[in-house]
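In what follows, subunit A forms one complex with subunit B and a second complex with subunit C.
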Partner chain A sequence: MIMEDQTAPKARKEGILIQELSDEVLVYDLESHKAHCLNKAAAAIWEHCDGTNSIRDIALAMGSDLNAQADEAVVWHALDQLGKASLLEQRIPQPDGKPRLSRRELMRKAGIAAMIAIPVVTSILAPKALASATSCGSPCTPASAECVAIPNCTFCPSTGPNAGRCAMF
Partner chain B sequence: MDKVDRLGWAAGVSFNAYGLRIGVRVSDSSVFDRVCGFLPPGWKAVGSPVVDRLYSIRVGGEGPRPGMRRFNILYLDGGWIFRSLDLDEALEYFETNLHNWVALYAHRRVFVHAGVVGWRGKAVVIPGHSLCGKTTLVAELVRAGATYYSDEFAVLDAQGRAHPFPRPLGVREQGEVIQTRCSIEELGGVAGAKPLPVRMVVFSQYKQGASWRPRQLSEGQGVLALLNHARAVRLRPENTLAAMRQVARRSTMLRGARGEAREAAQFILDYLDNTLS
Partner chain C sequence: MRGDKERSLLLAAALRGIWRDDPPRLEISDAEFIEIIPLLLGSGVAALSWRRIRNTSLTNSPASADLLDGYRFYSLHNALIENQIAEVFARFRALGIEPILIKGWAIARLYAEKGLRLYGDIDLVVRPSDYETALGLLNSRKYGVDLHCGLSKFDAHPLDDLYARSQLIKLKDADVRLLGAEDHLRVLCEHFLRDGAWQARALCDIALAVESRPEGFDWGICLGENKRRADRVACAIGLAHRLLGARVAGTPVEARAADLPQWLVPAVLKQWRNPSVADHYPQELMINAMSNPLRAVKAMLNRWPDPVRATVMLEGEFNNLPRLPFQAGLYLWRMADFLKRLPEFFEKAR
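== the complex of A and B ==
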């Protein structure tokens, strides 16, 4: 029986849209409606997560791709972010149970020169297809600038007796 | 629907806007021209009465007894969606509902909640939520000589070009919430007619006393920021991402807090003149 290698991460390929940009990769998750931006380092690591490459293989391949030194701590850091973003088939626990290094700790360890090889995954939740563009769920004041984020809001009239207040129907 | 049909309608039109067929009818023909002023820019009347969505506006006013008033009621297909004793309020709701539906379902166009101006053949897109100062910046750019494209939606095509959506600007006085409609002619500007390639995207938020020192976003960060203002990304993610990728590839994308609009407007126009000529 062939045992699946638990330390050979596999990138998720189903239910996502991928757009390659000049130096980054954009991934849209069709299930969670989250969009993720992978910088060059994160994208290189994700690309090598094919279910057969070990962490060490990925570190070597990434170093070669980016022409930079990359150790396994950097790969683990990326895997942590990719796992949280649901971009791996399954999240991979670090074997020795050591806490993963934060980006700041990685930068301190690797030095400023290696900043280019620090993987970063940035995510947003795509806005809902609301029927209203300019509205809020409470009396409309300039303080509630993010009014579209307030739920149950349909319309904020600028004229009539309800002007400046959200009319909820 | 039959029940609404039987209410009696005095005037109406079927029209096409962004590939969608829409109908609107009113119970009082004297308000029909006003209603047409709230239709999406570029609408074209069509002969067929078959539509994807039908709005019916029953105009209120004096009731049968003294001191009694009838509601202005807006129907969508077979049911009412809004009523008000104030006709302006009802018409504003009609416009909001109609424009947002078009923004969600428009064929071959991606709508982003943003202001847009044109400058020497290039479009500047200014995405932002309500009350972030988007219209103020658009108005300032127009006063500085830019061509007006929109203060509500950037209408993007698959090539990353911005199309005009020139409805009157909804201007707010400083600290006020209530908008006043202002035509582009009142501002001394002109509205654009042709699509322009987007060359700059500015994410700015008004902050009293701030000085304009924007930072440049990477392509990916810029697309993420644009997605945050896209209307139909969940309905049509593929088209939305493709259009935004085109915009990001060819644009400079800046983000920062701004103080007075004049400073940011001058920076934007100088930047376009100096770096993208």
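== the complex of A and C ==
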């Protein structure tokens, strides 16, 4: 879908959970259950997408936030990624005649010193680290089916030394 | 190639003081750290490990990316769980039920950053008289709640006393009821040991709870009057001291920490060799394994209990006597329970 006002992108705020870390912002889509990681530049741009700021406004604000030079091409690069990640209310196509620059092209154009100002939105997958989140052996309600949701667990014994702990027997 | 035992020792070394706001310098080499990253991931300490290395050259190692991912996911997961905790407390209270939250956020809130310790499930304790109502609410909604009918499984203290010593801590708009610091430390210790001490993260929790205990912390309440249980708590804290460097000087458990049963530390290190769930809980139903003699034998061998869990489950003493009788006792108890339930399994399979 194309926005009527193509110069004032609006960040999606509904159905997402935002978690700010020291160097990046994490966004979890409660509908698609996908998680995204925005570096500082992408997060700054996303924050200024309030539906009123123009692309130029956003570039200026981002430059000010990060104390770095940012031009409209950088903002377009971010909007493209944010749109693909469904983090904008509507995806915004680039205006005619303005070719979309890749990250590599942006870096070449801006120089290595401006790398910090290159916005990056990455999708993150459930890591191995979560494997130990819940476990067979977790407390459970005897006779309930809750243990089935835990990998490799099947039932909640009501008797014996493991009563009330998800088990595999 | 390093052996399992050496890797467990490296894991313990990597976790020394890791719960502190300002963790001590890593005492192992970069190569050793990289080697044990799978152990760190499986042990539930990815985020803590990431914090420890994030300003070092170790972040250049591709293997460390999993630690960063862990930190990110713990942060998101915890944010989701915090919303759920606030919501569950509101819903329970609307029904006149006052739950107590244990483990999870109750201990994770003491770490320096939100994402450092995964909250996991929401462990809630309710009075036995409220249990059915609470269960009804949870069955009608999708919460990741482990509901406990009282705390008698973990603790011998009267529930009224636990409520009387409990505290309300703010989480978002909710006042979340937690155990008093003394009671919570005792429950953390008991849970760690009952689980067979295989989760290194849980020992970090114990170390953190000990070192961040509030002023006026009453060790008499924490250890309780039951000598055997008090000794178990002291041994769990002693493990946190011996393996992870938890500070226990000047506490009533100091002497015990210096004199743990000889079998205990090696038993825990053995548990830490394999931090995945699959290594600590049987992966095939006994009833299914019985269809094949070889699988049945394997399944029976897999059910041989570790000495820590066996001692706790059979209310044994943590002394220097051999653990074999406890392990055999628990094993036979479980097998007897299985045989008793056999008709029920056949009925279900029909």
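The rule is simple: the second predicted complex is superposed on the first by the 119 of 169 C-alpha atoms of A that agree within 3 Å, B and C clash if a C-alpha of one lies under 4 Å from a C-alpha of the other, contacts with A are read in each partner's own complex, and residues count from 1 in each chain.
Definition applied: a residue touches a chain if its C-beta (ideal position, glycine included) is under 8 Å from a C-beta of that chain, and two chains touch if they have at least 3 such contacts.
All values derive from a computational prediction rather than experimental measurement.
*Asks:* Quick one: is A:Pro93 in contact with subunit B, with subunit C, with both, or with neither? Answer first, second, both or neither.
*Replies:* A:Pro93: touches no partner chain.
*Asks:* First (subunit B), second (subunit C), both or neither: which does A:Leu17 touch?
*Replies:* A:Leu17: touches subunit B and subunit C.
*Asks:* Going by the contact rule set out at the top, does A:Gly51 touch subunit B (first), subunit C (second), both, or neither?
*Replies:* In the superposition, A:Gly51 contacts neither subunit B nor subunit C.
*Asks:* Counting only touches as set out at the top, which of subunit B and subunit C does A:Ile124 meet: first, second, both, neither?
*Replies:* Both partners.
*Asks:* Scan A:Cys37 for contacts with subunit B and subunit C and give back first, second, both or neither.
*Replies:* After superposition on chain A, A:Cys37 lies in contact with both partners, subunit B and subunit C.
*Asks:* For A:Val25, using the defined touch cut-off, is the partner it touches subunit B, subunit C, both, or neither? Pick first, second, both or neither.
*Replies:* first
*Asks:* List the residues of subunit A that touch subunit B in one complex and subunit C in the other.
*Replies:* Residues 17, 19, 21, 26, 28, 35, 37, 124, 126-136, 140-141, 144, 157, 159-162, 164, 167, 169, which sit in both footprints.
*Asks:* Mind listing the subunit C positions that touch subunit A in their complex?
*Replies:* 38, 41-44, 46-47, 66-67, 69-77, 79-80, 83, 114-115, 118, 120-121, 123, 135, 139, 144, 146-148, 153, 195, 199, 201, 275-278, 280-287, 313-314, 330, 333-334, 337-338, 340-341
*Asks:* Can you list the subunit A residues touching subunit C in their complex?
*Replies:* 17, 19, 21, 26, 28, 35, 37, 124-141, 144, 151-154, 157, 159-162, 164, 167-169
*Asks:* Across the complex, what residues on subunit A touch subunit B?
*Replies:* 17, 19, 21-26, 28, 30, 33, 35, 37-39, 122, 124, 126-136, 140-142, 144-148, 155-164, 167, 169
*Asks:* Touching residues of subunit B toward subunit A in the complex: what are they?
*Replies:* 81-82, 84-86, 88-89, 92-93, 96-97, 99-101, 103-104, 113, 129-132, 152-153, 170, 175-180, 205, 218-221, 223-224, 227-235, 237-238, 241-242, 245, 248-249
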